[in-house]
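The following pair of complexes shares a single chain, subunit A, combined with subunit B in the former and subunit C in the latter.
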Partner chain A sequence: MGRELVMTREGAQSFFGRLIEEGPVMGPRERISQPGFVMFDWLDSAGQLRLKYTTTTIPPKKAFFPPRQPLFEFESSQPPTITAVQEATAFTLVGVHPCDLAALEMLDDAYAQEPAEACWPAARARARVIGVDCLPDEYCFCFGFGTCYGREGADLFLTPIGRGYLVEVLTEAGGGMLRLSDVEDATDADREQAAAFRRAKSERMTASIDASPAEFADILEEDDFGELWREVASRCYSCGSCNTTCPTCFCFDIKDEFDLGLTGGRRIRSWDSCQLQEFALVAGGHNFRRIRWQRVRHRWHRKFLYLYRDFGRPYCTGCGRCSRACTADINIVDVSNEIIGRARGRA
Partner chain B sequence: MRAADELPVTEDITRFYRPELARVIAKQRLSEMMVLLRLQLNSAETLDHGPGQFLQISLPGYGEAPISFCSSPTRTESFEICVAAVGNLSQAMHHLRPGDFVGVRGPYGHGFPVNDMRGRDILCIAGGIGLAPLRSLINYVADRRSEFGRMILVYGARKPGERLFKDDLAVWDARDDFETRYTVDEADADWTGRTGVVTIPLRDEVEIDPGRTTAAVVGPPVMYRFVAAELLEKGMVAEDILFSLERRFKCGMGKCGHCQLNDLYVCQDGPVFRYSQLLGRSEAIEVWAPEDERK
Partner chain C sequence: MSREEPIPRFGHKPQVAFFDFACCEGCQLSVLQLEERLLEILGHVDVVTWREAMTEQSTEYDIAFCEGSVTTEEDVERIKRIREQADVLVTLGSCASGGCHNELKNQWSMDEVRRVVYGDAADTISTIPSRPVTAVVDADYRVFGCPVSLPEFMTVVNAMLTGQSHQPPNQPVCVECKLNDYVCVYEMGKVCLGPVTRCGCNAICTAYGDPCQGCRGLMDAANIPAMLKALKREQAHAIMCAVVQRHELSDDEIAAKLRIYNNWPEFDLKEAQPDDD
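And then the complex of A and B:
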C-alpha cells in the first residue's frame, strides 16, 4: 500500500471542485430527473458528486467503452471515404468501488489478449482513476471473490473516516493530483477508523458463493446440470439486462448507421448480449444457442469456466448488478449455490 | 500532465475495425443466388491469405460481414469471394459493378493446415455453397499438384441450377490427376449425373487409404455429422478430418464474443478445426435438443 494521507470533508469538496475546473470528471451523481438514482456521468460541480452510494445500474466501464462507440465516419460514395474517429481528451474517473476497479482490470486483460484490441487501452490511458470504498447491500458478494479490497488501476483510493477520507496514494499520477488539495498526514486514529470501515464491509456482507472460483469452475466443467439450466431458463425473459449491467461483459456488435441524408454515416461498436436469441445466429438461420437454457448456461460457463481458465480468475466481481437488474428475479448467487449444492449432493 | 490536455494521438486506435479499400475488377454470376467478385486492394498489395481463411467485407452504410476466400493464394494478383444474396449487405454487393469499391480487413483465422497436408491424399467434401471456401484449397492443390497425393472431390448441390463454379467443376473433372464425384439432391430434366445427397457417392464410390488421407469438409451444419460417420466408417481418425465452421464474426479478433463455441473462438481457433477438437464440445456442429424444445 502506498502513502496514506487524510482529506477532510471540506478538503475533499474543494479538491473535487478544482479537479472539475481542470478538466472533464466522470463520477457517481444523481440523475437530475430522478433524485436518489446514482449513475456515473460527467460532473459539473463537486456538489453533484455522491461518493456514498451502494452501486450504480450501469458500471463505470462506460467511461472507456461507451454503449455506442463510433469507430469511423464514412461517405458512401464510390470510392467511399473513411475517416477515423479518435477521442483524445484526458479525463478523471472518480468514485469507483473496489469491485469495479477489478472489473476494469479484467477488461484490460481481455482486450489485451492477442490480437490486442486498441480502443480500450487507449481510453484507459486517457484517464486517471480515483477509487472509493463502500458498504454492501444484500446483493453484494465480493468478499469471496477477492475483489473486496482491491486497488487495481486506481491512482488514489479513498476510505471514509470520521473527518473525511483516508487517502491512499497509489501512483505518481495520484500524488500529482494531490497538489490540488490540502491533505494532512494520517494519524493512528484515522487508520483505525479506515480499518473499522473495511471490517464493517465484510461483516455486513450476507451473500456469498459457496465455492472457491477454482472449485466452481471444476464443478461447471464436470457436470451438465441440464435440469437446472432449464429451470432457470423457464423464468428468464432473455432481456439481456444481466449483460448490460455487468462490469465484466465485453461482447459487442458492429453496425453501420446512415445519416438522414443517406450519403454518409458512421460505423458503431455497441454493447451486445449473449442472452439475446440472435446472438449466435448464422447465415441460413442456424443458431448455435437458439434455446434459452443454452444461453443461460453459456453465461455461467463463460464467466466462471472459460474466462476463468483463460485469465485465472472468474469474470464476475460479486457486484450483484445482474441480480438487481433481473426482470425475473434470477439471482446469480442463488443459482450458483444451487449448482454447487447439487454437485456436492452427487459426489 | 493536465487533465484537460489533448493527448498526442500516437497510434491509430480504430485500425482493427477500419477496412481498407478494394476494387471490384470482375463480377460473374454463378447461380441465381450467388455472384463471384474478383477484388484487388487499392494499395495493390496482396492480402497473403491461406486457403480456408476469411476476411471481413463491408460496404459503408450496409455493414460488415465475414466471408471466406474462394481463390487460392497461389494466384496473387487478386482474390475472389462468393456472395449469396441473403441480407442487406450481400444484396447491395450483388449490385456492385467492376470499378466499384468495397471495404476489406483481414485475413483472419486458421485456415486449412496445408503444411501438415503436404504429401497426403486430399479428400474434399463440399455441400452447397461450402464449395466456395473449399475452392481456395482445391486450386491451391491444383497449382502445387506434385506436393500432394491423390486429390478427390465429392460435391453435392441441392439442384443443378445451384451448382457453383461450373467452369472449375469441368476443369477439375477433366484432369487426370483429380477424381471427382458430383451429385445433386433433386435432378431436373437436363441433369444426367448422380442424384442423392453427398454422403451416397462418398460411401459407395470413394475408396481411400485412411492412413494417408486428410479430409476437408465444408457445407451446411447438418451435413457434418453424416459425413464424419462415413469417414470414420472408412477407417479415418478424427484428427485427419477437417471441418470449416461458419459463425457471424463481428470483429475477427476473439473479442466480440459472437463466434464463441464452448471455450473456443471460431475466428481465432478456427474456422478450420480438426474433428477431434470438436468432439465433446456441444456447440460445434449443431446444437442437440429434443424436438419439443425446438421453438
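And then the complex of A and C:
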C-alpha cells in the first residue's frame, strides 16, 4: 500500500472541483429527473458527485466501453472512405467501488486475449481512476470473492472517515493529481477510523456464496442440475438485464447503420447478452442455446467455471447488480447456494 | 441527401401509397412529423396517394404503407387488392403489424359489439372480429409501435429502398432500457411490461419514468407465466414486493394489462408456455 494522507470534506469538494475544471470527470451523480437514483455520468460540478452511494444500475465500465459505441463512419463514395471514431481526450473516473475496480481488471485480461481487442485498452490508457470504499446492501457478496478490499487499477483510493477521506496514493499519476488538493498527513486516529470502516463493511455483508470459487467451479463442472436450470428458466424472461448490468460481462454485437440510399453510414457496437434468445443464433438459422434453460445454465458456467479455469478467478465480483436488476427475482446468490446445496446433498 | 438515380431494386423512382384501415391514424401523423427527414425520403420515392397529407390519388403504386386493423369484410377485400397491386407492402404500426387495442372488441360477440357501439343502427352495420393486416395478407416489412417508432421507420424505409430485408427486433424493452441506463420503473413502484415486450422503441416510455404498456406486442418466446407470477407476487424480490403490494393486482387486472395490445391471435393466459422450445 502506498502513502496515506487525509483529505477533509471541504478539501475533497475543492479537489473534485479543480479536477473537473482540468478535464472531463465521470463519477456517480444523482439523476436529474429521478432524484435519489445514482448513475455514473459526466460531472459538471463537484456538487453533483455522490461519493456515498450503494450501487448503480450500470457499472462504471461504461466510461471505457459505452453501451452503444460508434467504431467508424464510412461513405460509399468512389473510392469509399472509412473514418475511425477515436476518442482521444484524457479523463478521470471517480467514485469506483472495490468490486468495480476488480471488474475493470478482469476486463483488461479478457480483452487482452488473442485476438486482442483494441478499443478497451486505448480507453483505459486515457483515464485516471479514483476509487472509494463503500458499505454493502443485502445484494452485495464481494467479501467471499476477494474483491471487497481490492485497490487494483486505482490511482487514488478514498476511505470515508470522520473528517473526510483517508487517501491512499497508489500510483505516480495518483500522486500527481494531489497537486490539485490540500492534503494532510494521516494520524493514527484517521487510520483507525478507516480500519473500522472496512470492518463494518465485512460485518454488514449478509449475502455470500457458500463455496470457494474453486469448489464452485468443480461443482458446476460435474453439472447435473438440469431440473434446477429448468426451474430457474421457468421464471426467467431472458431479458438480459443480468448481463447488461454486470461489470464483468464483455460480450458485444456489431451492426452497420446506413444512411438513406446507402450513401454512407457507421458501424456501431453495443453490449450484448447471452440470455437473449438470438445471442447464439448463427448463419443458417441454427441456435445452439435456443432453449431458455440452456442460456440460464450458460451464465453460471461462464462466470464460475469457464472463465475461472481461463483466468484463475470467477468472472463475478459479488456486486449483486444482476440480482437487483432481475425483475423475476432470480438472485445469483440464492441460485448458486441452491446448486451448492444440491451438490453436497448428493455427495 | 437525395439520390438522383433510380433505386436499383425498382429500376425507377418507386411510387408510394399510404392506406389506412381501422385505427387512430396516429402512425401516419407520426410519419408526417418526420418533417425534414420526410423530404429526404421524397428524394427517393414519389408519393401518389396519401389521404392524410394530399388530395391526389392513384391506383398505380409500387409500395403500399398500410396502417390500421381489418374489421369488415370490405376491408378484407380492400387489403387483398392492395396486396395484388403493390410490389412491396409495409405495415405501419401495431394495429397493422401484429395487433393493437382494436382487437379488444374480439372478447365479445360481434352482435353485442354492434349493439353497444351503434345502438339502433346496429343492424345496418357489419363487422368482423378485428385483426391486423398481417393476419390477412403477407407483409414484406413490419413497423411496430403505437404509434410507430420513427427511427425504426427510417431503418425499414432504408432497408426497403436498398432491397434488403428487415427483421423486427425480437428482444425485450429491458435491453434498450438498460443500454440507456434508465432507472427500472419497478424501483419507482410501477408495473412494467418491458420484460415481455418487443423492443425497437429505444425504451421511450421508461426514459420518462413511465412503465412500458406493451404497445409493440409480445416478443417471440415471451415468458408470460413468469410475468403473471411476478405480477401476482408469487415471485418477487424486495423491490418487486414493494411494488406489487402497492398495486395488489387481481388476475383480471393482470390479464387486462397484458390484453391492451395482445389480443391477436386469441390471447390465452392459461395456454401460455414458459419455455421457448
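Note that in this section the second predicted complex is superposed on the first by the 340 of 347 C-alpha atoms of A that agree within 3 Å, B and C clash if a C-alpha of one lies under 4 Å from a C-alpha of the other, contacts with A are read in each partner's own complex, and residues count from 1 in each chain.
Just so it is clear, a contact is a pair of C-beta atoms (placed from the backbone, for glycine too) under 8 Å apart; a residue touches a chain by one contact, two chains touch by 3 or more.
For clarity, every value in this text was computed on a predicted model and none was experimentally measured.
Colleague: Does subunit C touch more residues of subunit A than subunit B does, or is it the other way round?
Modeller: It is B that touches the greater number of subunit A residues.
Colleague: Examine A:68 and indicate which partner it touches, taking first as subunit B and second as subunit C; both and neither are also allowed.
Modeller: second
Colleague: Go through the superposed model and pick first if A:82 touches only subunit B, second if only subunit C, both, or neither.
Modeller: After superposition on chain A, A:82 lies in contact with subunit B alone.
Colleague: Touching A:267, do we find subunit B (first), subunit C (second), both, or neither?
Modeller: In the superposed model, A:267 contacts subunit B only, not subunit C.
Colleague: Examine A:290 and indicate which partner it touches, taking first as subunit B and second as subunit C; both and neither are also allowed.
Modeller: It touches subunit B and subunit C both.
Colleague: Which partner does A:55 contact after superposing on A: first (subunit B), second (subunit C), both, neither?
Modeller: It touches nothing on subunit B or subunit C.
Colleague: Check whether A:159 is in contact with subunit B, with subunit C, with both or with neither, and answer first, second, both or neither.
Modeller: neither
Colleague: Based on the superposed arrangement, let me know which partner A:256 touches: subunit B (first), subunit C (second), both, or neither?
Modeller: First partner only, subunit B.
Colleague: Once the shared chain is lined up, is A:113 touching subunit B (first), subunit C (second), both, or neither of them?
Modeller: Touch status of A:113: first partner only.
Colleague: Does subunit B (first) or subunit C (second) touch A:193, or do both, or does neither?
Modeller: Once the two structures are laid over each other on A, A:193 reaches no partner at all.
Colleague: Taking the contacts subunit A makes with subunit B in one complex and with subunit C in the other, which residues are shared?
Modeller: Touching subunit B in the first complex and subunit C in the second, residues 258, 262, 290-291 of subunit A appear in both lists.
Colleague: In the complex, go through subunit B and note every residue touching subunit A.
Modeller: 1-9, 11-19, 21, 42, 58-64, 84, 86-87, 99-101, 103, 220-221, 246-248, 250-251, 253-258, 260-263, 283, 286-287, 289, 293-294
Colleague: Can you check the complex and tell me which residues of subunit C touch subunit A?
Modeller: The contact residues of subunit C facing subunit A are 1-3, 7, 40-41, 43-44, 154-155, 157-158, 161-162, 170-172, 174-175, 178-184, 186-188, 192, 194-196, 208-209, 220-223, 225-227, 229-230, 235-240, 274-277.
Colleague: Considering the complex alone, what residue numbers of subunit A touch subunit C?
Modeller: Its residues touching subunit C are 31, 33-34, 37, 39, 57-58, 62, 67-68, 138, 230, 233-241, 244-245, 257-263, 270-271, 273, 276-278, 290-293, 323-329, 331.
Colleague: Enumerate the contact residues on subunit A facing subunit B in the complex.
Modeller: Per the touch definition, subunit A meets subunit B at residues 19, 22-25, 71-72, 74-76, 78-80, 82, 84-86, 88-92, 110-111, 113, 115, 117-119, 122, 125-126, 128, 173, 250-256, 258, 262, 264-265, 267, 269, 272, 274, 279-284, 286-291, 294, 298, 301-302, 305-306, 309.
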